[in-house]
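The same subunit A turns up in both complexes below, where it pairs with subunit B and then with subunit C.
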Partner chain A sequence: MATDTKPKRGVGRALLAGVERIHETLDSYGLVPTVTNGIALLFVVWTLFPVYWMVSGSLRTRSDLLATPPKLVSTALTVGNYPELFAQRPAFYEFLFNSVVVTVGSTALAVLLGTAATYGFVNYEFPYDLGRFHLPFLVLTTRFLPPIVTVIPLYVIFDTANLLNTRLGLVLAYAAFNIPFVVWMLKGFFAELPDSIVEAAVLDGHTELGAFFKIVLPMVRPGLIAATIFTVINAWNELLFAVILTSNTEAQTLPVALATFKTAYAIQWELLTVAGTIAMAPVLLFAFLVREKLLRGFTMGAVR
Partner chain B sequence: MSHYSETVGGGRYERVLLWVEDHLRWILTLPALAVLAAFFIYPVGRALVLSLYQFDTGGRQFVALENYVAILTAGAFWQSLWITAKFMFFAVSLEVGLGIAIAFVLNSKVRFRGLIQTIGLVPLVISPTVVALLWQLLYQNGGVLDSLVTPLTNGPVPWLSDPSIALYALVLPDVWQMTPLVTLIVLAGLQSVPDHVQEAAMMDGAGRMRRLVDVTLPYIKELVVLVLILRVIGTMRVFAKVFVLTRGGPAKSTEVISMAMYREAFSYGNYGRASTMALLLLLIALAITYAFATVSEVEF
Partner chain C sequence: MVRVRYDDVTKRYGNEIGAKNIDITVEDGEFAVLLGPSGCGKTTTLRCLAGLTDPTEGEIRIDGTDITARHPKNRDIAMVFQELALYPHMGVAANIGYPLKVEGVDKSTRRERVEAVAETLDIGELLDRETDELSGGQRQRVAIGRAIIRRPSVFLMDEPLASLDAKLKVEMRNEIKKLQRELDITTLYVTHDQEEAMTLGDKLIVMNDGTVQQVGTPAEVYHDPANQFVAGFIGSPSMNFLRVRRKAPGSQRVVAADDATFALSVEGLPTAVDDTDPFVLGVRPQYFSVHQSPIDGAAKAEVTVTEPMGDEQLLTVRFDGDGREIAVRAPFDVSVTRGDAIWLGVSGERAYVFDVETGARIRQTELSTDTAVPTGSRP
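On to the complex of A and B.
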C-alpha cells in the first residue's frame, strides 16, 4: 500500500473526492439510503420505459399510441395489431424463418469451429509457435476490425460466388464473425484444464478425439453455453451484413425488415411496434432464462 | 506421432482413426483458420485490389492511387471521421461516466440489487436496430420526449431533423443501450473487492476516501480501461442506429464513417472508393488497437 498521505492527483481521484464529499454531507442527514435507492429506481425506469412503450404500443390503436400528450397507460388494449401485421405484410413469416435459420446455423458452425480451434491451439504444440501466433490473431480479429471494412469487399466476393441474397451466405459470414468471439470466451476455460487430463484419458483407453468429446467438452460446458448464448444474440440482432448481403425475402432477416419498414408515406407505428416486439421478445425471454450466465459472460474476461 | 501408432493396428476404420489422431491438431484448427482467412484476410486483400479501380456505369477502370488522393484531399472523408469522433466522444464519456457512477451507487446498500442487474441486461441483448426504433418512437413529434421537455422548450423539438441536434439524438440511444454494460462490468469489479481487505484497511485507520483510492481503485482500474476500449471500438463501428434513425442526414450531419462507406458503395456503386475508405479505416482501427495495447495491460 502507498505510504504517502496525500492522495495522488488526477481527474478520477478529484471526482472521487467530490463524490465522497457529497456522500458525507448526505450521511450527516441520514439520507444516503434514500438517495442511492432513488438513483437505482431512476436507472430502472430509464432502462425499462422505452421497452414498455414499444410493447404496450403494439397493443394499442394508432391514435391511442400517438396521442398528444402521450397516454402513459392505455385502457383500450387490443391484440388486433398482431394478425394485422402478418395480414398486411405476409413476408414477415419469411423474415422470421430466415432469422431463425441464420441464427441457428451460424451459431452451430461458430461454436463448433471455435471450440475445436481453441482446444487445438491451447493443447497442442505447433511448428514455428503457430499456436502462440494464431490464438491472439483469432481473438483480436473481430474485436478490433470494424465489420464495415470487410463487408464491402465481401459484397463483391459474394456477388461472384453466387452467395448474395442467400441464407448460406449469412450463415458463413456470421459464423466467421463469431468464431473469434467464441475463442475469446473459451480460451480461459481450456487453459485452466490440467494438461494431465487428456493423458490420463488416453491411458484409460480413450482415443485423443474420444477424450476431447467425452472428457474435455463436458468440463468446459459452462464456457460452451456462454459462448452459444452470445453467438445466438449476436446473430439474431445483426443488421449491417444482412442489409448489405441480402436483397429480398429469400434471405432477409428481421432486423433488415425492421430497418426498412418505413413506407414512402408514414410509419405505421401500430404495426412497427408489433414487429419490434416480435424481434425483441425471443432475446429478452432467452436472456431472462439464462440471466446468471449472461451476467457472468458480460463481466467475464474482466474479472477472472 | 500419436501413442496409438503402435497400439492400434489392422482394419480400415482403424487406419482412418489413426490418421485422424495423427493430424488432430490440424483437423481441429485449420477449419476455423480457413473461415477466418476467407472472411477477413481475403476481403482485405480484395479491398486492396478494388481500391485501385474506379467503378462507373461502363464497368471498372484501373486508376492506380487516384481513389486515395481523391479521398484524402476531399473534405467528405475527414468530415465523416470528425462526425464519428464526436459521436464517440459524447457517447463514450457519457456511458463510462454514468456507468461507473451507477455501479458505485448499486454497490452501496441498495435494495433488489440482483433484480436491477438483470434489468441492466435488457438493453444489452436488444438489437441496435430495435433500440433505434424504440427511440424513434420516443422522438415522435409531440411524443414522450417532447412532452418531457416541453416546459423547457415551449414546444416540440425536431430531434432528428435539425442538423445541430440530430447527432446528439443518436448519442442518446447508444447511451441508453451501453451504459448498463459499463455498470455491470465495473460493479462486478467492485464486488470482487474482498470484505476482509476493506476491513483490514479500516483497522489500519484508513478513511473512506483512502480506502476508495488505495483499496477499491486498483480493483477496478483495469476494468475501466477495458470498458473504455470496448466502447471506443463499439462507437467507431456504429451503423444500425444511424441507418434506422437518420441515414446520415439531415444535411449529412450524422454521416458517420460506416454510413459514408455504405453510401459510397451501395448508393453510388463506387466499390473502389468505398474499399479505399475501408482500408483507411482499417489503418485507423489498427492504430487505435496498437495504442491501447501499449498503454494498457488488458488482455483480450
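On to the complex of A and C.
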C-alpha cells in the first residue's frame, strides 16, 4: 500500500492501516508475489470452474455427473450426449439458427446505427441548437428503466405491428437496447480523432462519407470490435425479451431453449450441459480470436 | 497560371467574427504568408479557400472561377495541417500515395510517383516504415509529400512547423522555400511566427482581429508598417511605442504626452501632428542612438536590465521619472550596467508616427490620416 494515500476516517482508516500492516509483514518474508498470485488463482478458479463443470458434464454420463460425492475428474468420458441432444430435441437446430440470425442481425444494425450516430454526435452541429440537450445522454436514458418495465409496452407495440414471435422483432428490440452501449463505447474513440484527419481525407479527394468509411472507421477499429463483442454477448445471452416476445420455434432463441430443460418433473442435466456448452462456444471462440483487440478497445477509450 | 482571389470574404460564427472583409490576391506561383497572433482569423481565411469552412459572405476565385460553393475535393488544393494528420493505420508510402489512390491512379504509376516525391523530400529509405516510427521532421516530410504528390494548383499550409524544435524548424523552413520555388505552386502559408513569415514569404498578409492590416513584401511591412499593430507585431524585440506630443506647436522637440517627463528631439515629424496634441512615436530598439554622456536632443534614461547577445546587447531602460520600460539595442562596446545613465537619441527617418486613437500611421508627407489606411483592408 502506498504510504502517501490520504488518511481516511474511522473504519476506512483502520482497514487501510491493517492492510498496510499485512502488506509490510508479507513483504518482510518476501511473500507478496506468492499471495497476490494465490488470490489471482482463486479468482480464476472461481470464474472458470462453472465453465469446466459444464463442459466436462457434457462429456459424462448422467450417473457419473450426479455421483455422490461429486467426481471432480471423470475417467469415463463420452461424446454420446451430443447426438442424444439433437435426437431428443430436433428443434435445437432451429433455436441455434434463430440465435445466430437474431444476434448477427441485431449486432450489425446496432453497430452500424450506433457508429454513425456517435460520429454525428461528436463531429456535427445539430440544427435548432439540439446539441444543448446533450443527445448522447438522452440515448443512454433509454437504458435507465429496468428491461422488465419496457418489455410490457413493447409487447403491445409488437402485437400491433405483427412483430411478435418473429426474428425481425427480436433483431429490432436487441438493436434498440444495444445502441446506447455502442454510442458510449465509441464516443471516446471518435472524440480522440483529430478533425484534421477527416479534413485531410476530404482534401485528398474523399467525400465526407468516403472519409468516414475509409479513414475514420479503420482508425476506431479497436473500439468497433469491442462494441461488436459486447453487443454480440448481450444479444446472444438475452432471455427476458425472448421469453416474452416469442412463443415457439419460429423465433425462440437458445436461452429460451435452455430454460426448457428444467421442467416441473425433472432436469435433464446431461443434455442441459451439452446445450449450454453449444450455446457458450461461439461467443467464447469469437472473444478468444479477437482477445488483443478486445483488450485494447476496452482500455483505449477509457484511459486517455 | 493559378491566381487566388478573395473577394470581400467574411466568416461569422454566430455573432463572433472569424474573418472580415478579406480582400486579397495571391499571384501565380507566389508564396503568400498569412501572419498574425492566434485568433486573428488567418486560419479561418485559409480554411475558406480549402473549402473546410464556408464563408458567410463574399467569393473566392481561383483563376477567375468562383469556387466558393465547390466541394473541397474538387478544388485541386492540397493542405498540410498543423497536426500533420497522417493516417496512422497506413505506412509511409500509403500515406504519400493516398490522394492518387482515391483518384484511381493504378498501383504501378502510384508507386513511381511516390518514389519520385520521396526522392525530392529525401525520405526514399523511409517508404516501408510505419508513420509512428518516424521523427517529427520525417513526419513533416511525409505530410508535405502527401500534399504535393497530386501536383495541386494551390498549396496550403497551416502552421506546419509549429511542433518542431527550433533547429529543425529553420531546416524545414529552408526546404519548404526551396521546394515551393522548384514546384512553382501558388502557396498560402499560415503562421504566427513573424521570423518564419519574413524568411518564407514573397508576400505577407498581416492580420489582426479578423481583418487584414497590411499586405506587402517582408521589407515593406517591416520598414513601412501601415499601422501601429503591424509595426508592433513585426520585428523582434518589438518596436517601442512612446505616447508623446510636441513641446510647443511646430517644435522639433517632443515630450512625454502626459507629464513631460522626458524630452527628445525628432526631426521631420509629419505636419499633421504640428500642434501639441498627443501622438504615438514608434522606434525600433536598434534605431536609438545610444550615448554615455549628455547630448543635446537626447533623453536621459536609466538602464534596468542588460542582456549581452554577442555582437550587440539588448538594454531595458527607463526614462527619468517615467515608469514605462523600453528596449534598446546597443553595440557590445557600449559599456553599461544596471543603474547606469544613458542618453537616447532618435533620428526622424527611423521613427514612425501613429494616431493615438486609431493606431493608423501618420506619414511624413501626408496631411491627413485618411490615406494611411492599409491596403486590402476596409476599416
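The rule is simple: the second predicted complex is superposed on the first by the 265 of 304 C-alpha atoms of A that agree within 3 Å, B and C clash if a C-alpha of one lies under 4 Å from a C-alpha of the other, contacts with A are read in each partner's own complex, and residues count from 1 in each chain.
Keep this in mind: a contact is a pair of C-beta atoms (placed from the backbone, for glycine too) under 8 Å apart; a residue touches a chain by one contact, two chains touch by 3 or more.
Predicted model, so just to flag it, every value in this text is computed and none were measured.
Residue contacts after overlaying the shared chain place A:Y93 against neither subunit B nor subunit C. Residue contacts after overlaying the shared chain place A:R291 against subunit B, while subunit C stays out of touching range.
Within the superposed three-chain model, A:F133 lies out of touch with both subunit B and subunit C [touch as defined at top]. Subunit A has more of its residues touched by B than by the other of subunit B and subunit C. Once the two complexes are laid over each other on the shared chain, residue contacts for A:V202 go to subunit B and to subunit C alike. In the superposition on chain A, A:F43 makes contact with subunit B only, while subunit C stays out of contact range.
By the document's definition of touching, of the two partners only subunit C reaches A:P194; subunit B does not.
Shared contact residues of subunit A with subunit B and subunit C: 202, 207. By the touch criterion stated above, subunit B contacts subunit A in their complex at residues 2-4, 17, 20-21, 24-29, 31-33, 35-36, 38-40, 42-44, 46-47, 50, 101-102, 104-106, 108-112, 116-138, 140, 142-144, 147, 176, 180-181, 184-185, 188-189, 192, 201, 208-210, 212-214, 217, 222-223, 226, 233, 236-237, 239-240, 243-244, 257-258, 261-262, 265-266, 271, 274-275, 278-279, 281-282, 285-286, 288-289, 299-300. By the touch criterion stated above, subunit A contacts subunit C in their complex at residues 194, 196-197, 199-207, 210, 215, 218-219, 221.
Remark: subunit A residues 1-2, 7-8, 12-13, 16-17, 19-20, 23-24, 32-33, 36-37, 39-40, 43-44, 46-51, 53-54, 57, 66, 68-70, 113-114, 116-117, 119-121, 124-126, 134, 136-141, 143-157, 172-173, 175-177, 179-180, 183-184, 202, 207-209, 233, 236-240, 243-244, 255, 258-259, 267, 269, 272-273, 276, 279-280, 283-284, 286-288, 291, 294-295, 298-299, 301-303 touch subunit B in the complex.
Within the complex, the subunit C residues that touch subunit A are 50-52, 71-73, 77-79, 81-85, 87-89, 98-99, 102-103, 146, 150.
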